[in-house]
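In what comes next, subunit A is part of two complexes: it sits with subunit B in the first one and with subunit C in the second one.
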Partner chain A sequence: MSIVDDRPAAGSDQPEEPTNRPDVTYRLREWLSRPYVRPILTMFVVFCLLVIPIGWLVVFFMNMSGAPASDIMSEIEKTILVFTIVSAPLMAITLTIIIYSLVGWGRVTGDEPPMQESPAIRSNAIGTYLWIGATSLLAAFLVIWGLVELATITASSYGSVSANQQPNAVKPIDVNVTGQQWLWSFEYPDQGKISNEVLVVPINTPIYFNVTSVDVIHSFWVVELGIKIDANPGAITNTGVTPNKLGNFNIRCAELCGMHHAYMETQIQVVTQDQFDSWVREMGGKRTV
Partner chain B sequence: MTAVIHEQQAVPQPKQHGKPGGFLRHTNIVTGVLLGVILAVATYVIGGLLVPWGTEDSNFAQVGQEALIAATYAAWVIGFMIGIGAFAGPIRWWLGHDLTHADAEYMAGKDQGKWKYWKYTTDHKVVGIQYLVMAMALLGFGGLLAMLIRTELGVTWAEVFDPNFYNSIIGTHGIVMVIAMIIVVAGPLGNFIMPLMIGARDMAFPRLNALSFWLLFAAVPPLASNLLLGGIRDGWTVYQPLGTQAPVGMIGYQICIITFAFSTGIAGVNLITTIVTMRARGMTWNRVPIFVIGILAAAIMGLVWFPMYQYSQVLALSDFAFQSSFFIPQNGGSVWLYENLFWLLGHPEVYVIVIPATAALLELMVVFLRKPLFSYKIAVAGFAGVVGISSLVWVHHMYMTGWSPAAGYPFMLSTELISIPFGFLVLVMLGTIWRGKVWTRLPMMCVYAMIWNKIIGGITGVYLSDVPVDQYMHGSMFVVAHFHFMLMGAGLFGAMGAIAYWFPKMTGRMLNERIGSIGFWLSFFAFQLTFGSMFVAGLQGQPRRVLQFDNAFNVSNWLSTIGAYLIGVGMLIFLYAIITSWRSGQVAPSNPWGAKTLEWQTATPVPLENFPVLPVVTSDPYDYGVPDPYLAIEKKLSDENQDVTAGAR
Partner chain C sequence: MFLTGNAGVRLSDGAKRGLLTVLTVFIGVLVVAGSVLFLGKNQQEPAVLAATVIGTASTPQGELPHATVELSIYPNPSSSVPGPVPVGSRIGDPRSANAPSGWPFYWPSTTLQLPANSLITMTVHQYDGSTTVWNNYFAKVHGTVDGTAIYNGKAQKEIEPDNVAHTFTIHQYAEVTQDGFFVSVPMLAVPSNAKNEANGYPKPQDITFSFITGDPGEYVWNCEDPCGYGYVNFGGVMSERGWMSGTVTVV
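== the complex of A and B ==
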């Protein structure tokens, strides 16, 4: 744009659309025969294949502290795998183009502005529609997948079909979780209000958590079980999970809560039903049926 | 009085009172700081006498100290603004002394040499340079704090800092960097370059321009002082009610944000008005350079949403100092109210940071590829879409707060939809790169770096936008790594490219690209190491904002710390390149890149009123390039085809 430019405005001097363009297959073959197209397509496929395993890598890192101990955590890991696979083409096309452009279409060095100009491509209808269509489809897929998954894990947390309405179902256990600076305490209202600073729960039984805090915001994070909910003062939040693996797992605080936030962690022990019952008796509680 | 319309009547000029500039001849940063400090000390002493320590109110709560500190900080801001001469204009109107042309020229810094950078100068180029230096100072301060954080996290076997001091460092690092990143492109380049780019002589409201900068300047000391007064022990978000447990340093944060919000509001109004009303003749909306559109988008988001953050801090200050309880549940307040108010700005703010940087890089890609911008309209639609949707996604920061589990559904939808307009911007970048011969200079390298970081930040953002996945990742180091990829990887590396590109116009000298590139590439690769391993720590389950953690996270934290130190070294090298080039670099020609936007068409250094004659624009600034050879072949074929069919007929 020079200060005074007497040329006609861009847009008005675009060449007219050819009235008799070669047919689509011919144009596609012509496009494919261009020297840069095949390397780019090859690179694209290679990068797609290279990116997809990142999904497993992510899950591998997540499992370093322990494999999923609940269905919710398995669902989360599945979602991460699917999202990585769905994002792979986008990642791959971007990588392909930026890497190819550094080597493939020529480079200019030096201090003076280059004399050689590149092709004046102001738009490309097919490319634009393809891009918008593809990204919209990907986004739509992510949204639908996410909504369905969210409904699934919500049902599994809160029990949309309440477990005690099902025949032969295990009666869920309520646990009142209280966060305070800087420890967690767990109270079992149905087991004679026993309370403890380590969470002990039986395997394969739905556990419902009523979470609150007495001072500031904490966040109740049971790492390997994949549940997290803030503990807010003055409010009770709910979540729930059905552990399906025996063992000791981590509970951490995931919201900065003051000086010793880093040390506000405890354990959840998933035990068998018999061990749980004897633990309850040991604590002086009673088993309600 | 009746108005009489005379033909050819000379416009009556206001009378000159005293020397040009008047009161402003005697004010500068020194008088500002002096008056600010004097007023603050006076407020503290007098206030202390009026409300003695230990006074109790009717509820037997001790009053005085917090309110007194709040008043002291406010007195600093007001005193500084009076001392620098910010209120000279209204007083002048009150006295009936209208501004003469000579006054206006004095205020714009005419014939004052380097001293004009330390005064209440209205020239947009001076304000741009002031913003640039301020942004670099804040980045340096925030970077230093980042080094302290990484030192603590790298020393996995001991506590280096007191936990409370560590919490103050992370909070201060966060907010300092957020402020620095908000201003780093929109401040220097939005003020210096944007008016030149649209062919204007200055901003629409030059005095408001100076006001916005000096308000920012006044906001910083209260923030920095929080480290001495016990600090923000709560992360940059300062969730309540933990914030009310902090010592009085918290007030520094609140006064800083309240003042800074005024600054951004004023700057936003100024930028929007300038862009809408002051474009050169012929610069229709589809000929506006894309960087200007980006600045417009950021200014609109800042103007609309910054007040929410300001309200949240006004209410929090009230809780802290004046015994109200908006956010204290024990007295009937709501912690979720604070979170909502905070994130109503908190999310658009990310785009306030990323969009100007993206737009700046779109502007310079064109120059280094000698190609027109691919699909200008798609780029504008992308910005518009991001601005629109960004105001409807804030609850994704609150999925795990328990505020409304049902809100997860609509906000997951809106958050994932924003990837579509964001994808438009990626399309424009890739389309512009497509088949271009790259002129491999430092600013163009920043484009590659930014695209890479943005894609990683974008895809990890897709994970986090999903409620089930967020249920694992919320509040973990994964989130920290993700937003550093967006804010630092896309925002800061983009800003480095933009500053490298416009450096010759702003300083009159070429940037030393050899040294600059070393610093840039070192930072870039170290950045991948730092935040790549932070992703791993997050996936393993390390919560954010902790100073000690399980041994399982040691290796990733060590790598992260090594990377962070290397980023520090790289940034220092880049800073060295900027400082030495600024002082003694090669003198720049007026258009070293052969660019076509208006700012390169005027002289370097840019004269006081920018252009000798105001430019007239007749096309968009992207008419680079030669006709596409493949299209020529296709045209020929189609012509031949036509001949054949014609012959057959």
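== the complex of A and C ==
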């Protein structure tokens, strides 16, 4: 008795054994013909189109409390818009599946479990890789964008470099900010230590804030300028900004600090350099160099 | 949705769930509204103290109506000056409890009403001792007509931070509907060795200052001197309306 090996020899040019696997077009048509696919795809597209304008709406409502008056706030708004847009497809597919699961597969009533319309999905390699790939790319994009923006904003707000070490051509103005229940006060150490309860600053000049508190924790917040930093008792925190728009903006406390927290607000007046110099003279201070 | 049977009207499961949802929301609204009404009723502001118009006066802004208002600051209550009633006592028994001993307070009211676009002259009789002000900015006079206040007949722009007993500070800045309004005057302390007079209090420091009101608006005022307890001295009396803080309504 002899054993016959009928396997093709290695390196032979015989055709591969047929697999009976239909081609891609056929499989796509079959997938699209499933009863739940087209409604889900339609809802996905609709949600995408609905979610993206929400990004503009968010920025619109942010601007209702004041349009950006510094590069920092412009960068923050741009980031919010971009994050909303790139997150829209994921939010849309999640919403779609949730809603279709509740509505499309929720019609069966009674005590018995619903009949299966098709075999349970045990695994789906394409879906798995697509989901992991897409979300990983998105997460990577958000991290990189966020780090770049953070570096940009930190540089703009002088987060780590003191005012007298700034390379800018325009000399920054130091302002000592003191929060207390329930008022802000401001001192200009380089302008003869004048002080005021309203913050007056010149346009297009870097302002460097030394922020502290004499009682509890407050938070120095100017929406239009995109700056917010805690005012801690016994410590000085720093931030900075270069206002690029004339006008009056509200300074608020963003840390619940007691009974009159809601009234702990004052104004920042962004004026021209000449107006600022005049104001300093009126207050009995020294003119800005 | 409604099924009828021999037992009368029967609701389907869906209708029951819907009704339960509506009932839950209704009860929630009732609880919230009840809490708001209860707290509102028991945290009423003190009675309004309206400034008295006494004529007109020349000001940097021209001839304006002139009104006066008089306040006192006491270090603690007495038989002649009962002081404000704490909120807790008001809830328990509206007729009980005077001010706790050691709680300073403005008197007779912290709810002030001032005429709009007028010169206001305020006189404060200050009976309390000193507490060093944390922020020297509030040892200076701000927002008065000529930047000064008159302390026992002497005009001054500021007093020593160590001699500040309290401050009278009106603030709140406009959103869009009202003008900014900021007045802050430090109140000179009574010397620590001052002896009490027959009324149980030492001879007061008399402080007078004038400021000009703008258009009608709602503002708050409070003391900026750390004269309370806890929370770096802004707790206790400083965290309850009617004692060292209140409202200013410009009408």
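To be clear about the criterion, the second predicted complex is superposed on the first by the 233 of 289 C-alpha atoms of A that agree within 3 Å, B and C clash if a C-alpha of one lies under 4 Å from a C-alpha of the other, contacts with A are read in each partner's own complex, and residues count from 1 in each chain.
Keep in mind that, in the parts below, a contact is a pair of C-beta atoms (placed from the backbone, for glycine too) under 8 Å apart; a residue touches a chain by one contact, two chains touch by 3 or more.
As the structure is a computational prediction, the values presented were derived from the model and not from experiment.
The partner of subunit A that touches more of its residues, comparing subunit B with subunit C, is B. Legend: residue contacts after superposition of the two complexes on their common chain; A:Ser195 is shown touching subunit C, with no touch to subunit B. Of the two partner chains placed around the shared chain by superposition, subunit B and subunit C are both touched by A:Val216. Once the two complexes are overlaid on the shared chain, A:Met259 sits against subunit B and subunit C alike.
Applying the stated contact rule after C-alpha superposition, one finds that A:Gln180 touches subunit C and leaves subunit B untouched.
Touch criterion met: A:Phe61 reaches subunit B, while subunit C stays clear of it.
By the document's definition of touching, of the two partners only subunit C reaches A:Gln267; subunit B does not. Touch criterion met: A:Gly146 reaches subunit B, while subunit C stays clear of it. Of the two partner chains, neither subunit B nor subunit C is touched by A:Val24. Overlap of the subunit B and subunit C interfaces on subunit A comprises residues 215-216, 233, 250, 258-260, 263. Subunit A makes touch with subunit B in their complex at residues 1-7, 9-11, 15, 18-22, 27, 30, 34, 36, 58, 61-62, 64-65, 72-73, 75-76, 79-80, 83-84, 87, 90-91, 93-95, 97-98, 101-102, 105-109, 112-114, 116-124, 127-128, 131-132, 135-136, 139, 142-143, 146-147, 149-150, 153-154, 211, 215-217, 219, 221, 223, 226-230, 232-235, 237-238, 250, 252-263. Interface residues of subunit A facing subunit C in the complex, by the touch rule stated above, are 178, 180-183, 185, 187, 195, 197-198, 214-216, 233, 250, 258-260, 263, 265-267. For subunit C in complex with subunit A, the touching residues are 134-135, 137-138, 142, 169, 171-173, 175, 180, 182, 184, 220, 222, 224, 226, 231-234, 238-241, 245.
Only residues 163-164, 167, 233-235, 239, 241-242, 245, 286-287, 329-330, 333-336, 367, 369-376, 378, 400-402, 405, 408-409, 412-413, 416-417, 419-420, 423-424, 426-427, 430-431, 433-440, 448, 451-452, 455, 459, 462-463, 465-469, 471-472, 474-476, 536, 539-541, 543-550, 552, 592-594, 596-598, 601, 611, 613, 615-630, 633-635, 637-639, 641-642, 645 of subunit B touch subunit A when the two sit together in their complex.
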